[in-house]
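In the two complexes that follow, subunit A is the common piece, with subunit B as its partner first and subunit C second.
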Partner chain A sequence: MLLLGNFLLIATFGLLAYCLVATVLGLRSRDTRWWESAIRAVYAATATVIASSVILTIALISRDFRFEYVARHVSSTLPLAYCATAFWAGQAGSLLFWLLVLLVFVAVSLRLYHRSHGEVIPYFILFAGGSALFFNLLLLMFTNPFAPANPVPPDGLGMNPLLQNVMMVFHPPTLFLGYVGFTIPFAFALGSLLAGRFALDWITIVRKWTLVSWIFLTVGIILGMQWAYVELGWGGYWGWDPVENASFIPWLAATALLHTVILQEQKGLFKKWNVFLVVLTFLLCIFGTFITRSGFIESVHAFALSDIGYYFLAFMLLVLVLCLIILYRSRKKLTGQNHLIRLDAADWSLLQWLLFLVAFYIVLLQIRTYYARAAEYSVILLLIGILVWKRSAAASLGRKLLRLLSREGMFILTNFIFMFFLLFVFWGTVYPTLHEGLMELYAGFSGGFRESVAQSLPGLHEFFQRKLAVSPAFFNKWVMPFALVLLFMMVFCPLFGWRKLNRKVIYFLLAVLLVLVPLAIYTGLGVGAVSWMSVVLFGLTGFAIIAIVSDVFSAVAIRRRLAGESWLRGAANLFRKNKRRYGGYLSHIGVLILIIGIIGSSFYTQEYESEVNIGETFIAGEWELKYVDLQFSQDPEKSMYQAILEVIRNGRTVGRITPEKHLHRKFEQPMTEVSIDFNLLRDLYVIFSPVNRAGRAYFKILVNPLVIWIWVGGLLITLGGIYAILPNRRRLVLSELAAKEEHHA
Partner chain B sequence: MSQLKFLAIALLFIGVVGYLLFSGLQETVYYYTVGEVLAADFQPHSRGIRLTGTVVAGSVTRQPDSLVMDFLLADDQTGDTLKIHYQGVVPDSFKEDRHVVVEGTFHPDRRQFEAGNLLVKCPSKYEEEKAST
Partner chain C sequence: MPEVLIILFALLGIVYYVCQPFFGKTAAAARSTGTEHDVAMRVLEESLANLEYDYRAGKIGEEDFLDMQSDLQHRLTECRDQARRPAAEPAKSKHRSTRTT
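Coming up: the complex of A and B.
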């Protein structure tokens, strides 16, 4: 079995290498038989990888400890279901899983497109096959899942108890499906570029695969959050850990892409930018895998440090350089016709002055301790001065910027927001590692120089002397303005038409805003809001939901008036006719609901702790908790202590909570199994620590409001994505697109 | 000329973004080693700091009937030890001889570090635990 597995991996490698060579030969000789042969080689490689995955699965299920991988991740007492999922619990297995998914995706897209997009396919194979070859190489050279155990142990080590959780069964594979899926749009976009067949429907295919991968990535992230929430036992679901960021960063890029793709499909805008985003998303997916697999970036979650990281780095660098060259060389093919705003020299000079003013302000901020207010006033005066001095330019620029208040403009702004947010999350994630590089650089300077820095700028000296960690506060600080702007845009976006500003809409919104904001503040203060920010956020979120719903309503009303359809029928037809748009709306509502959950659980969490004996009652906010009993049980894998608590509210028992503590035999560490009593308004999250043998115990109770809405929102985002990908009835799309492209060209 | 102008604008723009990126770094905590904290010239920080080290075997004492825990943290290089005072839920993976990170403040007068946050660095967290066999 071991031998066969190894043989199959080598065979896959051979087939992939052959397919690349055949493709290149085919490209040189223009002989299609080479390409046909390359495609068949991909199919064969897919078959061999499937076969090797089957072998690994069988070995895991039959607990064949002759496999080192099996011996490390499975034990004789591990439940069978977890044995199968140990496939992606370790490094070798997860890389094999990556290869498997990649080749299956490639094979599927070859079947789908090799007739209709014959000229793109060879280039597509070059990129997708090259990427597969890289992972295959890693498997053969560094982490072979078919390495023999030496000596063969009587029993395996088993799976880390933290991973023995339903969420962990599905979280890694969905995330991987998302990560891997982005290889297809990447290979297809670059393939179309090189093939010179760029005008037609490449963007449709790219969009489809991006959306599929995005859905998987979203589900993967949400499942990861749930896993952290129920399994890690600290009461939160997101800690800005590098490993979490690793999945969030490509998600941001993909989400930005999903938005600008619409602009290209409908308006022919943003072609270069879209190709850039496709490449960026792919690279960030590799980067995410790199973070989790290499241990380069310090994280409590990451895998052991290994040489594999260097290969990932080299691969990313290679892809980046290659893509930049391709993008640069084919920049001419990618000119969009339809500029929304064309800035002339006068505009630029004004912008320059404004930028200069910002820089000036930043400098002033640094010395502001002495000049406090003077700095701000002088900047405002200067701003007014510049605007008056360049008033004609200011007026024309102002008119141009007003054009941003259209749907295209909103898409552009959305993209800016996503990109800036991505930049900050990325920065916060990689900075500690970069900083170590800076420290080494600094240490390389002469002692005298460092001495003088230490004398004159002790803070700077210390900065370069110390390793540092970026705390979640960094991310939380940045998340707020981004969330605010995004919310604002979600309020206004559905109400803008293409390329025009609907004044009535603006007046209406302003009116509602004027009523709603004081109302929100009033009620917020009434119910005891802890911060202004949470009230503003709640208000905006509610407003955005109203905006979306009212847009749907007015569309249905139009159908009703024009086609005489009933409300219900009109809505059904509307949703069916434009699945993409209303799928998008559903996702937006999902995001808003998720934001409501996040606001609730990050601003309004309450914590209680208490130490009690069996039979005692303690108070946690509006709840009384009675510690009824402590039970002990055992199974072959672990022994379990279970505390039984009754939840009492207003003298009535309303529920039972049973947090547990597990002691796994294979792992000399206790496992906290929290228990959550949830309803639509709040989660009662209970952590249990036994204090002594007599049953005395310590309980920590977190009241997390609105958490369930995070999961509901996540579900809606996913459903919206799925709905948007369903085919529209119209068969015209392709030819229409062709016509549009010709029109632009 | 226009290229020069473009360059200037680009530089200014990069400068502004760069400033924003670096100014965010105020939200960072520095890492110290036990030896550095114990050194005579150590200046207590207003911000919290992070200490890394290894939990000294046999030093963990838990006060009965409470979640207060004290242990000694050893510097990986110099071997100096410092008393860590921690109150809260102990992470599941906390063990003697493990490499841990504590975040909090140092009180030179009591020669004690009060930790509000305890992270267990287990590089092989999701991999098998080879050390335990």
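Coming up: the complex of A and C.
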């Protein structure tokens, strides 16, 4: 088995290397037999990787400790289901899984497009095959899942207890499917660029594969949140941990892409930007893997650390350089015929003056202690002077900028916000590590130099002396402006039409302001025990749901008017015939429901602690909890303490919760198994630690409101994505529909 | 020993499968077919239908609607024309590619 596994990995390497060589030879000679042979090599490599994955799975399930990988991640006492999931519990297995998914996706793409997009396919193979070859090389050179154990141990180490959770069966594979899937749009987009010809449907293919990968990534992130909530036992689901951020950053890029793709398909806008986003998403996926694998950044989620991460960094840099060259050389091919705003020389001149004014104001700010108000008045006067001097350019630019108050403009603004959000999370993730690097560099300088810096620039010296950390509180604080603006966009986007502002938007804006401003002022003044920010966020979420529902309602009303359909039939036909738009709406509703859950659980969590003996009762908000019993049990893997608590409300027992503490024999750290009593309004989240053998125990109770809405929202986002990807049948435009109806009559 | 035999047979099978295009008659040449037009037309038809909904829902004024409608229809007609055009000439050599222009 070991020999066969190694042979299959080497054969995969040979096949992938051959497919690249054959593709290049085919491109040079224009002999299609080379390409056909290269495609066959990819299919064969897929088969060999499938076979090697089967071998590893068999070895894991049969607990064959001759495999070093099996001996490290499986033990004779580990439950069988976790033996199978050990496939992705370690470094080598997860990389093999990555390669497997990648080659299956590439093979499916070749099967789908190798006849219809013949010119693009050779370049597609170069990128996708090159990427697969990189992973294959890592497996062969640094982390081979078929390495023999020497000596063969009588029993294996077993799996990290944190990974022994049902979420771990699904969370890593879905995340990998998401990460790997972005290779296909990346290879296809760059392949199209290199082939020098964009097929009419290339953006549709890119959208389809991006959406597939985005769905998997979304499911992976939501499952990861559930795993963190249930398994890590701190009461939260998102801690802005670097590994969590590493999956969220490409998700943001892909979400931005899914929005601008619509502009390219329907208006021919943003061709360059879309290619950039495709490349960026792929690179961020590799970056995510680098963070998870390298230990470059400390994380509670990093389970397989090694130096291998730095090869990812090298690969990422190589791809980046290659992409920049290709994008630069192909920039003319990507020039769109349409422009939302075309700035002419007069506009640029005005913008330069305004930029100069901003710079001038910044300089004045530094010396304003001396000139105070004179500085501000001079800037205002200068601004008025420039606007009068360049009045025709200002009027023209103003008219152009007004075009941003349209559906196109909203898409662009949404993209800006996603990009700022992405940069913020990215910077917050890498900044502490970069700062640490700078500290080390500074510490390497001579003492005399550092002393002179400390005397002349004390602030800078202190900056290099103090270790910085970006806490979750920092992220939570700064994420609010992004959430507010995004919610604001979600309220108004469904109401905007192409090109111009319409009355509906203005009326809706007035309604939103009339409701939310008084509420925010009322709560902001401290009346009641609610946070004004949560009220505004809840309010905006509600309005966003109303906007989507009203848009669907008005579309059904149009069908009723023109085709005489009933409300139900009209809605069914609407959803059936435009899966893209209404799948997107369903996803948006999912995001809004998820946001409701996040607002509830972020602003209104209550926390209680108590240390009690068996038979005692303690209070947690409106609940009384009676510590009934402590039970002890064990299985071959671990010892388990289980506390039994009765939940009493208004003097009546309403349920029973059983938090546990596990002591795994092969792992020293005790594991908390929380118990959650949930309903639509709140989670009663109980953490337990035994204090002594007599049964005294410590309990921490968290009342987390609306958490279940997060999972429901996640489900709706996924369902919406799946629905949006289903093929549409040919649609009749409304005038045809009306004519058809008349004909029937 | 059985493992070595399996490896040998697998190796032979892989080599035969990958090199087959050089032995037998050539497979169909790699070139673009008309399916891309179908997809593009479907997207344009969808856009037309959505545009009409937006117009009737009062999100777009009449002038803009007519302008955008004619633009989309123009693109649709172009796409249909391209789809109807005959495929590129077959390759001169049976092993040479036939790239569409």
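Rule of thumb we're sticking to: the second predicted complex is superposed on the first by the 634 of 745 C-alpha atoms of A that agree within 3 Å, B and C clash if a C-alpha of one lies under 4 Å from a C-alpha of the other, contacts with A are read in each partner's own complex, and residues count from 1 in each chain.
Going forward, contacts are C-beta pairs under 8 Å (C-beta built on N, C-alpha and C of every residue); 3 or more make two chains touch, one makes a residue touch a chain.
Just so you know, these numbers come straight off a predicted model, no measurement behind them.
Shared-chain residue A:573: touches no atom of subunit B or subunit C.
In the superposition on chain A, contact of A:728 is made with subunit C only, not with subunit B. Within the superposed three-chain model, A:469 lies in touch with subunit B and out of touch with subunit C [touch as defined at top]. Legend: residue contacts after superposition of the two complexes on their common chain; A:554 is shown touching subunit C, with no touch to subunit B. Judged by the touch definition given at the top, the superposed model places A:118 against subunit C, while subunit B stays out of reach.
In the superposed pair of complexes, A:642 makes contact with neither subunit B nor subunit C.
In the three-chain superposition model, subunit A touches subunit B and subunit C at no common residue.
Of all the residues in subunit C, the ones that touch subunit A in their complex are 3-4, 6-7, 10-11, 14, 17-22, 26-33, 35-37, 39-40, 42-43, 45-61, 64, 68, 79, 82, 95-97, 99-100.
Across the interface of their complex, subunit C is touched by residues 1, 3-4, 7-8, 11, 15, 18, 30-37, 40-41, 43-44, 48, 114-119, 121-122, 199-202, 204, 265-266, 495-500, 502-504, 551, 554-555, 558, 562, 577-578, 580-581, 728, 730-735 of subunit A.
If you check the complex, the residues on subunit B that touch subunit A are 5, 8-9, 12-13, 15-17, 19, 21, 24-25, 27-32, 50, 64-67, 89-90, 92-95, 119-130, 132-133. The touching residues of subunit A, counted against subunit B in their complex, run 72-73, 89-91, 157-158, 160, 162-163, 233-234, 295, 300-305, 348, 351-352, 355-356, 358-359, 362, 423-424, 427-428, 431-432, 462, 466-471, 473-474, 477-478, 609, 611, 666-672, 687, 689, 691-692, 696, 698, 700.
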